[in-house]
Amino acid sequence: MVDQKFFKNSGKLTCEEICNLANADCQSDVCDTVFTDVAPLSKATPSDISFLDNVKYKQDLIDTKAGACFVKEEFIDLVPKTTIALVSQSPYRSYALTARAFYPEPSFDRKVEKTAVVSDTAKIGKGCFIGHYVVIGDDAVIGDNAVIESNTVIGDAVVIGDNCRIQSNVTLSHCEIGENTRIYPGCRIGQDGFGFAMDPTGFVKVPQLGRVIIGKNCEIGANTCIDRGAGPDTVIGSGSWIDNLVQVGHNVKTGSNCVVVSQTGIAGSSELGDFVVLGGQAGIAGHLKIGSGTQVAAKSGVMNDLTGGETYMGSPAMPRRQFLKQTAWLRKMSKKN
Amino acid sequence: MVDQKFFKNSGKLTCEEICNLANADCQSDVCDTVFTDVAPLSKATPSDISFLDNVKYKQDLIDTKAGACFVKEEFIDLVPKTTIALVSQSPYRSYALTARAFYPEPSFDRKVEKTAVVSDTAKIGKGCFIGHYVVIGDDAVIGDNAVIESNTVIGDAVVIGDNCRIQSNVTLSHCEIGENTRIYPGCRIGQDGFGFAMDPTGFVKVPQLGRVIIGKNCEIGANTCIDRGAGPDTVIGSGSWIDNLVQVGHNVKTGSNCVVVSQTGIAGSSELGDFVVLGGQAGIAGHLKIGSGTQVAAKSGVMNDLTGGETYMGSPAMPRRQFLKQTAWLRKMSKKN
Amino acid sequence: MVDQKFFKNSGKLTCEEICNLANADCQSDVCDTVFTDVAPLSKATPSDISFLDNVKYKQDLIDTKAGACFVKEEFIDLVPKTTIALVSQSPYRSYALTARAFYPEPSFDRKVEKTAVVSDTAKIGKGCFIGHYVVIGDDAVIGDNAVIESNTVIGDAVVIGDNCRIQSNVTLSHCEIGENTRIYPGCRIGQDGFGFAMDPTGFVKVPQLGRVIIGKNCEIGANTCIDRGAGPDTVIGSGSWIDNLVQVGHNVKTGSNCVVVSQTGIAGSSELGDFVVLGGQAGIAGHLKIGSGTQVAAKSGVMNDLTGGETYMGSPAMPRRQFLKQTAWLRKMSKKN
């Protein structure tokens, strides 16, 4: 299934090893059975581990040929006799951990390619990989075991934490990035925010004197743009996941563990609490406060502060239930008339 | 008209040569008249070929000084006496073919620039151009006559078909690209999809073990992002045109000859049939099936499966007629009240 | 406040010097007081200059410890005795000019890095900085004092005006850029527009034979894409500010001093007058005329010509007042029923 040209399988794991790393309980006596790969239920073979996360795929479980399968306790009875049931409170999470064990993140040689241009005043940590045609500016600090891939440009004084991976064709300036964070190809971080004062003869640029501060364990998607602050900093909280082609304006602050789906925009100076989820193509107007745990549906346009913990939809955004009611009412009425 | 600094005119063509390549019928006895360029009706001179595609420009046809003009049969009588009518079933297509004959795609020297870093285990086809500061990884395969422009990064084991053109500052990984496909500047293909399992303490990344498979004769626009599959592949069907700044999530599959206009997003695992057209800034939610021939208007948000062959508008998307009716009704009612 | 690692403070300025450059009137007899920095009201110290632009922050003014503060005449009485009032018609503009004096744009060495590949036939002006791994094509013309940062690719015959700054990882082709214009990282300018003729067997590409012409004093944001014209040129008027991730289709023309906020798309052949403002994630359909002074709210979808001077909202876009009325009416009615 998995194309071994692109992904290197790291070898065998016993059922017991898998249950330990995946936080699951083996329902078999034969815990030394050996597995070699992961696969979806419908394609798995006896040497594969699979999982059931969505009840929609119940029939696939009944028919599966997988050697073992992560399931919630309530579905044990559906597991065929030839498949070992591995009971997990979160089968998808267990699958993720198992897949990671079979297919660890790629490793990089610990070296600085000769074609990289690294300033004499930059500090490069131990065990780093610096790729071809990377340019690293004065006084930049790169943490231990960091990876900087080809053709990426790191500006003066930028700080990158330990174990970060900065992929290819990225541009970073005026920013500090926490450890274990990953920046995807083509990402732009730290450029000037969009700030100008009006003038009858045109616009006067306002110097953007803040930074971008990104926490640890974040993922920042391909071609996403995060502008630096105008005076305050732009801040992305630890553990946050930002998808591709997202725009984050100057002075924005997100809490920890936020999820921002592709093509969403957060306008200048808005602040998100923790565990906020913004669906794809959503827009958050400027200077708003979005409380922790807020969920904003795809394509919504948020124009007001949101207190947190609820789901919003529509443009202008409103509570989900109200949006669905309004949409249904409008459809009904306009058909009648 | 055309700036010869940027575009090199390849020379003269007779009316007969043009009719042959453009699939048109010359309505004149003087088929050996020579033409040197293409131009819009209002700016054309006697040595130019023009076309009428949109009835809106009828008056321009009547007034034109073009030496010849592609028209549908029904408009022959509007063509001035000094202009040769070239009857075509598709004047715009005929124009395209003629313009291509006068201005062929730029040619590239068949060489690998010395500044390119090509892995010893990569295979480079015959007649390729590999530009400055290109980086090509281990076991990559580049087809014959392919062009890879400056500062592009091609990951390990990537496969690029014959006659592909990969423009500058592109990042490719974990993908296979069919012949004669063109990738525009800044495109990101093959990076990890946005996949994680929830956890009370944060998110667990789910390894993305699929690829991106792009067919032949495709165009993929500038700064567009196509994530690789999570397990299944992400697939773009042959002959599809994807515009700039589009997001294609993991496991998405498009049929052949789809058109995806700028800034549209297709969320994970959705599948498009053949000849589907998505207008600009449209959004397709995840796990949907969009039937062949579906047209989705700009800015629409599709939240349900669509059977195909119809046009949809609005967010949530509905049949075009219903959207227009609903919009008109709402405008009328809210004005009254 | 300002991180001196990233921003170099250029030294001291007297109150008089500041008033001169910022077009403000000092309300104190001690015009030789010396200042060293700018800061927001709430964080300013006696050596800082601050400003009040938004009445919301009135209390901050009353409590400020700033040494001096730009205010409108009507707020003089709120300025504490320990703060010098600097009366300005536009305090934010005055602040911008002062901040620029303390923190001028970074300067670049006047040199061509040895790793840059510059065609023998390109003309590089006096005092330019050309960064590492820049590639400049045949017959390109780079104006005096221009800055081209690392890993940027400039195509054949491109013309860049004096004092332009083209940041890193940019791709330019088929374009001419006026003086003093700035192009942000990852910007793509001049690639083929999205033009094809339909055909039962697929699509025929229409050669894109126009250029992109950008005026002087423009800013073009990170990862923004501006396609070249199909025959006519794509034109961005002088003094226009375009934010990140914006799509500008082929043949679009904007007047002078337009503002286009992030993630907005302007479809092919639409024309904007002067001082048009498009909010974030707005969409302008193709072939429209948008009059001077038009303001389009974020997320709006414009499907018709707009005469100018008014504000529009919604998708389809309508006058702002109508949109707000319609939205309120719909909310009220759907709640009742």
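Going by the order they are written in, the chains are A, B and C; count residues from 1 in each one.
Note that in this section contacts are C-beta pairs under 8 Å (C-beta built on N, C-alpha and C of every residue); 3 or more make two chains touch, one makes a residue touch a chain.
Predicted model only: the values in this text are computed from it and were never measured.
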item	value
Turning angle required so that chain B lies on chain C, C-alpha fit (0 to 180°, nearest 5)	120
Numbering shared by both copies at the chain C-chain A contact, with half separating same from different	different
Centroid distance [mean C-alpha coordinates] between chain C and chain A, Å	29
Multi-chain contact sites of chain B, meaning residues that touch two or more partners	133, 151, 169, 186, 223, 245, 263, 281, 315, 330
For the chain B and chain C complex, residues of the former touching the latter	1-3, 5-7, 38-40, 90, 92-93, 95-97, 99-100, 103, 115, 131-133, 149-151, 167-169, 184-186, 217, 219, 221-223, 239, 241, 243-245, 256-257, 259, 261-263, 280-281, 298-299, 315, 327, 330-331, 333-335, 337
Interfacial residue positions of chain B with respect to chain A in the complex	117, 133, 135, 139, 151, 153, 156-157, 169-171, 174, 186, 188, 191-192, 194, 196-199, 202-207, 209, 211, 223, 225, 227, 231-232, 245, 247, 249, 263, 265, 267, 281, 283, 285, 301, 315-316, 318, 322, 325-326, 329-330
